[in-house]
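For reference, the structure I am asking about is given below.
Chain IDs A, B, C and D follow the sequence of writing; residue 1 opens each chain.
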Amino acid sequence: MTLPGRIFLHSPGPTNIPDRVLRAMHRPCEDFAAPAFQDLARSCLSDLSRVFRTEGESFAFSTNGHGTWEIPLVNLVEPGSAVLVPLAGRFSGAWAEMAEKLGLEVITTPPDLGRAVDPQAVEDALRADKAGRIAAVLTVHTETASSARTDLEAVRAAIDAVGHPALYVVDAIASLAVERFEMDAWKIDCALTASQKGLMLPPGMGFAALGERAMQVAERCSHPRRYWDIQFRRGDAGYQWFHGTPPLQHVWGLREALDMIFEQGLDAVIARHARLAEATRAAVAHWSQAGTLDFQTVRPEERSNAVTAIRTTDGTDPETMRKRARERYNVVLGGGLGELQGRVFRIGHLGDLNEPMLLGALATVELAMRDTALACTEGGVVAAVRALSTR
Amino acid sequence: MTLPGRIFLHSPGPTNIPDRVLRAMHRPCEDFAAPAFQDLARSCLSDLSRVFRTEGESFAFSTNGHGTWEIPLVNLVEPGSAVLVPLAGRFSGAWAEMAEKLGLEVITTPPDLGRAVDPQAVEDALRADKAGRIAAVLTVHTETASSARTDLEAVRAAIDAVGHPALYVVDAIASLAVERFEMDAWKIDCALTASQKGLMLPPGMGFAALGERAMQVAERCSHPRRYWDIQFRRGDAGYQWFHGTPPLQHVWGLREALDMIFEQGLDAVIARHARLAEATRAAVAHWSQAGTLDFQTVRPEERSNAVTAIRTTDGTDPETMRKRARERYNVVLGGGLGELQGRVFRIGHLGDLNEPMLLGALATVELAMRDTALACTEGGVVAAVRALSTR
Amino acid sequence: MTLPGRIFLHSPGPTNIPDRVLRAMHRPCEDFAAPAFQDLARSCLSDLSRVFRTEGESFAFSTNGHGTWEIPLVNLVEPGSAVLVPLAGRFSGAWAEMAEKLGLEVITTPPDLGRAVDPQAVEDALRADKAGRIAAVLTVHTETASSARTDLEAVRAAIDAVGHPALYVVDAIASLAVERFEMDAWKIDCALTASQKGLMLPPGMGFAALGERAMQVAERCSHPRRYWDIQFRRGDAGYQWFHGTPPLQHVWGLREALDMIFEQGLDAVIARHARLAEATRAAVAHWSQAGTLDFQTVRPEERSNAVTAIRTTDGTDPETMRKRARERYNVVLGGGLGELQGRVFRIGHLGDLNEPMLLGALATVELAMRDTALACTEGGVVAAVRALSTR
Amino acid sequence: MTLPGRIFLHSPGPTNIPDRVLRAMHRPCEDFAAPAFQDLARSCLSDLSRVFRTEGESFAFSTNGHGTWEIPLVNLVEPGSAVLVPLAGRFSGAWAEMAEKLGLEVITTPPDLGRAVDPQAVEDALRADKAGRIAAVLTVHTETASSARTDLEAVRAAIDAVGHPALYVVDAIASLAVERFEMDAWKIDCALTASQKGLMLPPGMGFAALGERAMQVAERCSHPRRYWDIQFRRGDAGYQWFHGTPPLQHVWGLREALDMIFEQGLDAVIARHARLAEATRAAVAHWSQAGTLDFQTVRPEERSNAVTAIRTTDGTDPETMRKRARERYNVVLGGGLGELQGRVFRIGHLGDLNEPMLLGALATVELAMRDTALACTEGGVVAAVRALSTR
C-alpha cells in the first residue's frame, strides 16, 4: 500500500535525515587513502569533539548504538573488575546485560520507570564499594523507553562526594545535539553516541569521545580487544582511524550534518529541541486534563527533550491508536517497550525537526486518538501552538 | 540562514515532489532512441489520457504551464478568428492576453474575483457571436489566485444550449489529479496541464490532451507553428513526440508519478484532495468566526480542492504573517496576486499531501497569525482534526 | 536485461551529467518568488553570458534545443521577411523547415554533407539579396549529424564583406562550452544553446543570448509571440524571467554546472574538448589505414571537437557494430541520420568527459568492430593514448 | 581541484556502486519495527545465503570487513584454543594479529607474497597439532594485497586428509560474487564478507554465514561476547537481527544489489569477473614483454579475478605512475602494501564493472605509464580487446 505524502518519524530514532545529508551521501566511492578524504575524516572527528564539548579525542566506528556500548567495556575496564550501572529503563538494562556477557561483574541500582537515575543511589552504591572494584559508572543520559533524562551533573557530584576513582561513562546516544551536554565541564571521562539521532544520519555509525584520564586507562587496559581498540585507532594512518575501510558515504553525511549544526549553532539546536519538547509537553498536559493520560516521567525536570512517553491511566492499550497513526496517517510513534508495552506510547521530537513537523505530528496524534476513541481532552495541538508562540 | 527541518510548501504550486519521483529522476541520461525509452514514453502518454479520462491523445512538451496555453491557440484557432475567455482571475486574464499577443481576437466575460466563471455569461457571449467568429472557449478550471473552481459541466451545458460549434478548451493545470475531471464525459475538446501540481513533478513539462474533434481541427489549422505543432508530434518516431530531445529525467519522473497515482487509485487521490480541502475549510471557517477573515470565494460549491484563498476583512495586510510563516517556520503560503495583494493569503493543499502535512501547515498558520497579531478565532486546527476524523 | 556497469554515452547528446549536478537537482521545490531563488536565477543568467562571451543578455526557457530555434525567428524577424540558412546537414535543414512553417521566406545555400558551411556561399547569397529581404543569417556552429564545424569568423567576414545588415544568429547547441565561442568578438547578434550538451544538464532547458542590436530589433519586432517573447522576459519580476513557473531543479543544476565550468576554467574546458577530440581523431585515422573507414568531414580543420562522424567506405552498414556496442557493452554511439543512415556512425566526445571515459569508449568501439567484423586497422586506441600522452 | 568526468575506481575496494543502489539508499528512515522492513531484511539474509551457496544462516552487522573477522573468533573459538592462519599477505597477517589480540593462540604457516596459501603447509600444520588445540583454520580466499587466490577446495582436502576437526573459516570479502564460491560443497563452516566489494554497496556492513556445525559450536562457545554474538541475533525480533537499530539505508541498498545480481544471474556475474580479469591479464602479459614488469602472483592459476598485482622488475617505483593516474586522469589504482610498497601496483577489476570501464582503466594505465616513463611494451589495451572479443 502506497501512503501519500511524507512519513512523520516520531519514534525516538532513527530520526529525519535532512535532504542535504542524503544528497551528500549519494556519491560513488573514492580513494579513501587520498589526502582529500583523510582531511575530511579528521575534520569530522575533531568537530565531533566540539559537539561533545570536550578537549578529548573522538573516535568513529562502523557499528550501531548498541555496538558503541562495548567500547568502554573493553577499553576501560579490566577483566574481573566491576561496573556500576544505575538502571532507569530498557537501555541501561541492556547495557548492564552486555557488560555481564563480556565477563564483567555488574552492580546495578534499582530502576523506577517513572524516574531518571537517582544520584543518591549512585552515591550509595559507590560508598558500598569498599574494595574499589567498580571501574566505571555507566549512565544513560536519556532513557528513550521511559523518556526520563538523568541529571548528569548530579551523578557527577555523587561520584565526587564519595571520591570514588571510577570512570564516568555516559551513553549520550539520544541526547547529543539534543540536550545540553558538557563532557569536560561535567568531568565525563567517556561519552558515546550514534549517528541516527541528534546527528541526523542514517544508522550505521557509532562514536566515542574519551578524555585524558580515560585515554590513560585505555593505554594500560589488558582487556582483549581489536575492532573496538581505541589505541589502534589513534594511529597516524587514516586506515587505522576506522580500523579498515571507512564508511565513506556516512563520513560525507557526517560532514554535512556537522556543518548544519554549526550553521544553526549548537546552542540554537539545543534551544530548539527544548522549545519543541516544551510544546509537546503542553499538548500532553492539555490532553491529560481528561484524567486518562499522564506523563510517564513523573517529575517535570526529568522529562527529556528527545522524547515524551505518555501513559494511559485507564487501562486503554494505546497500540490501537499507534497503529492507526502509522497505517492511516504515516505518522510513526514509539510504542511501550518491555513492561511499558500496552500502557505507553511515545512521541519522539529530536533531530531535524521544526514547528510545522511537530505540530503536524501532534495534531495527527489527536486525530488518531479521536479515531480510535482514546479518551483525552481535545485541543492539545492548540496548547502546543500557544507554547510555541512568541506572543 | 539554514532553517531546520523540512519545507512545507503550501503555495498552490509547485507542490511536494515525492521521494520516489526525485529518486526516479536521479539518473544519468540514456539513449532516448532505444526501444526501452520509447516504450516508456509511449506508456506515459497513454496513461496521461487515462488521467484526463479521455480516449483522445496526449502530448508532452518541454515547457511550463504558461507555455501550454499556446498549444490550443496555434493548433486550434485560425489566425483572425476569435476566442472567448471567461475571466475569473489572474490566470484567465494572462491567457487572454497571450491570445491577443498571438494575434487573435479575444472576447471576454467580466471577472468577479469572488466567483468562478458564470456559465450564463458564457452562454450570453456565445449567443452574441452571430458571425460565428469564436473558434474556442478557453476556460480555467481552477483559478489559483482566487481559489475559485469553475463548474465545467455547466459551461459545457451553456455551449450546448447555444449550439455553438466553438471548441471547448480547458486549463486543468491546477485541477488534474486534484479535482474530478472528465474530459470525454464533459465533452472537453482540449485539456492542458503542467508537471508541477497534481502530477507531483518538478516544473518543466506541459501536457495537452486532444479529443477527436480537436485533432481534426488541428489537422486543417493554418496557424503558423512548429514547436507546438500537434501534427508533427503525432509521428511514429520518438524523436517527434518531443520535437527533439526528450526530457528523459522528467519522463522517468512522470512514469513514477503515474504509477503512484494508479497505485493509490485516481479516484482515491481525488477523494483525498477533497478531504484535505474540507479540513482546510473547516479551519478557515473556525478562524473566521472572529469576523476578521473570510473565504475569498463566496460560494461554498465554488471553493476549489487545490487551494483556499483567505481574505482579511479588517484591512490587515496578511503579508506580515506570511513572511513570518516562511522565514521563521519554513511554511510557504501563497500571497495575494494582482488586485488581491495585501488582502489575501492562500493555503495550497494539492499534490503529494497527507493529514499530518496539512495539519502541520494549518497549525503553523495559526501560530504565525498569533505571532503577528492577525486576528482570528483560535482553534482552527482542531476544527480541521474534527473534519478529518472518521469518528 | 540489466547490463552491468555504467553506461558510456557517446551519442553527441544528451551527455553525461556529473554526479554533482544530479545531486544539486535532487531537491524538493521551494518558494521561487523568494529572494534566495531569484538571486540564484539571476546569477545563472549573468554567468551564462560569460560562457557565451558576451556583454549581452541571456534568457532561459523551459524547452529543448529545437524549441530555442523559434526564439530568433519570432523575436528578430518580421513576418514576411526572409532568413538565410546555409545548409550543412540535418539540423540546419530542420531549422530552415521550422522557419518556413512559421511563415518566413527561407533562402538556403546547398548542403555538402562532407563539409561545413561555405562562407563564400553565404557571401554570394547575401550579395544576391538586392531587395534586402534577408533579416537574419541562421548558422549552425556544429552539425552533429555530419560532425562538421563551421568557421563562424569566416561567416562573419562574409556578411561584413557584403555589408549586409542581416542579424547573425548562431545555433551553439553542440558547441557552447565545447569549442571556442566568442559571441561579441565575432559580432554574433544572437546565440542559442540547450542544457544537455556542454552545459552537462538533463535536457529540458534552452537558452538564448542577445546582443544590443538584436535587443533593439526585438523591441520593434511585430511578429506575434508570447511564450518566446524576449521583451516580456526582461521584466523585473522573477516570474517573468521564465514566463511562469521556473524549472527550479534545472536552475539548481545549472548553477552547479556553471560552478564546475568556472572551477575548471572555461578555457581549460574547451582545451580538454580539443584534446579528447584530437585523441579520437588519432584513433579514427589509425583505424582508417585499412582503407575501409574514413572521416565523414573531409577537411581536418572542419572536424568538430564535439563529435566525430566515421564513414564506411566499403559499403558496410555500421549499425550492426553500433547495436553490438550498445546491447552488449553499454556504449551508446550515434548512428547515421538521414542520408547518412547505414553509412556512418558517430562518436560523441563532449560534456563531462575525461581520458579514461573516452579511451574506454574508443577501445570498446574497436572491440565491437572486431566482434562484428567491421574491417579496420587494429590499435586505434593506442594511437589515442599516444595523442593524449604528454610525453 | 575539480577533475572532469567520472572516477575510475580500480583499487580492489571499495568498488563502484551502481546508480540503482545509490538511488535505493537515498531514502528517509522508516519504522524498522514495521512488518514491511522486517520482511525485507529477512529476504536479504536469506538471499545472502544463496550467494554464499549455503543452506546455512546468514547474519548482517553494522561493521566493516575487519570487524567481521571478530565474528568467528568470538563465536567459534574457546578462549585458550588456537587458530591456524595460513599466511599469504597483509590481510591474513592482520587477521592473525587480531586473533592474538583477542587472546587466542595463533599458529601460522609462512607467507610467500608471490603465492597463494599452500594446502600442503595447512596439512602439515594440522598434522602437527597432536593435542587438537586448533579450533579453526582461518583462510583468506583472495589476498587483495598480493592478488593471489587460494584454492579453497585444496585447503578443504588438506583438512580432510588429516581428519582434523577444526572448523573451516573463510574470508570471502574480496571473492564473494566475484569468484566461484561454494560454501556447502566445499564444506566451509563459516564464511565472511563485507558490503563494499562484490556486493557493490557502500562500506559499513559485514556479513557472516554459518553452516550447521558452526552453529552448534557457537551455541556452546563460552567466549565472552555480545555485539558479535550469533546466538542473540538468531532471535525472532527484527531488533535482534541487527542487535539494535538496523542500518536501514544499507539494507535497502543490499536488497537492490541482490536483485541486480540475481537479474544478471550469479553465475553470469562470476563469469563476467573471469572475463574481465582475463583481459586485464592479457594486457599485463603484453606490457610485461618489455621485461620490466611481471605478475606479482607467480602461478597463473593463483591469479585472482578480483585484482591483479603488477611488480616492476627493474626497481622502478610505480607510485609516480599511480599518482599520475589518480591526479591527472581520475583513475584510482591500488598501491603496494607493506613489503610490496614501491614495487607493486594493483588494478582492481571487481564489482559493478563492464568492458568499457575496464578498457578505459587499462588504456589509462598505459597512458600514465607513458607519461611517467614507466617502461613497458605498448599495446596492452589492444591485447585486452582481443581477449574480450568473441571473434
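In this text, contacts are C-beta pairs under 8 Å (C-beta built on N, C-alpha and C of every residue); 3 or more make two chains touch, one makes a residue touch a chain.
Just so it is clear, the model here is predicted, and its values are computed rather than measured.
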In contact with chain A and with chain D at once: which chains are those? Just list them.
B, C
Note: of the two pairs B-D and C-D, more contacts are counted for C-D
How many Å are there between the centre of chain C and the centre of chain D, using C-alpha atoms for each centre?
45
List the centre-to-centre spacing of chain B and chain D in whole Å, with centres computed as mean CA coordinates.
55
Using the touch definition from the top, which residues of chain C touch two or more other chains?
6, 16, 19, 22-23, 26-28
Can you tell me which positions in chain A touch chain C when the two form their complex?
19, 22-24, 26-28
Which of the residues in chain A come into contact with chain D in the complex?
6-7, 9, 11, 13-17, 22-23, 25-34, 62-67, 69-70, 97-98, 101-103, 194, 196, 202-205, 224-227, 229, 242-250, 326, 332, 335
Chain D touches which residues of chain C in the complex?
2-6, 8, 16, 19, 26, 260, 263-264, 269, 272, 329-331, 352-364, 366-367, 370-373, 378-379, 381-382, 384-386, 388-391
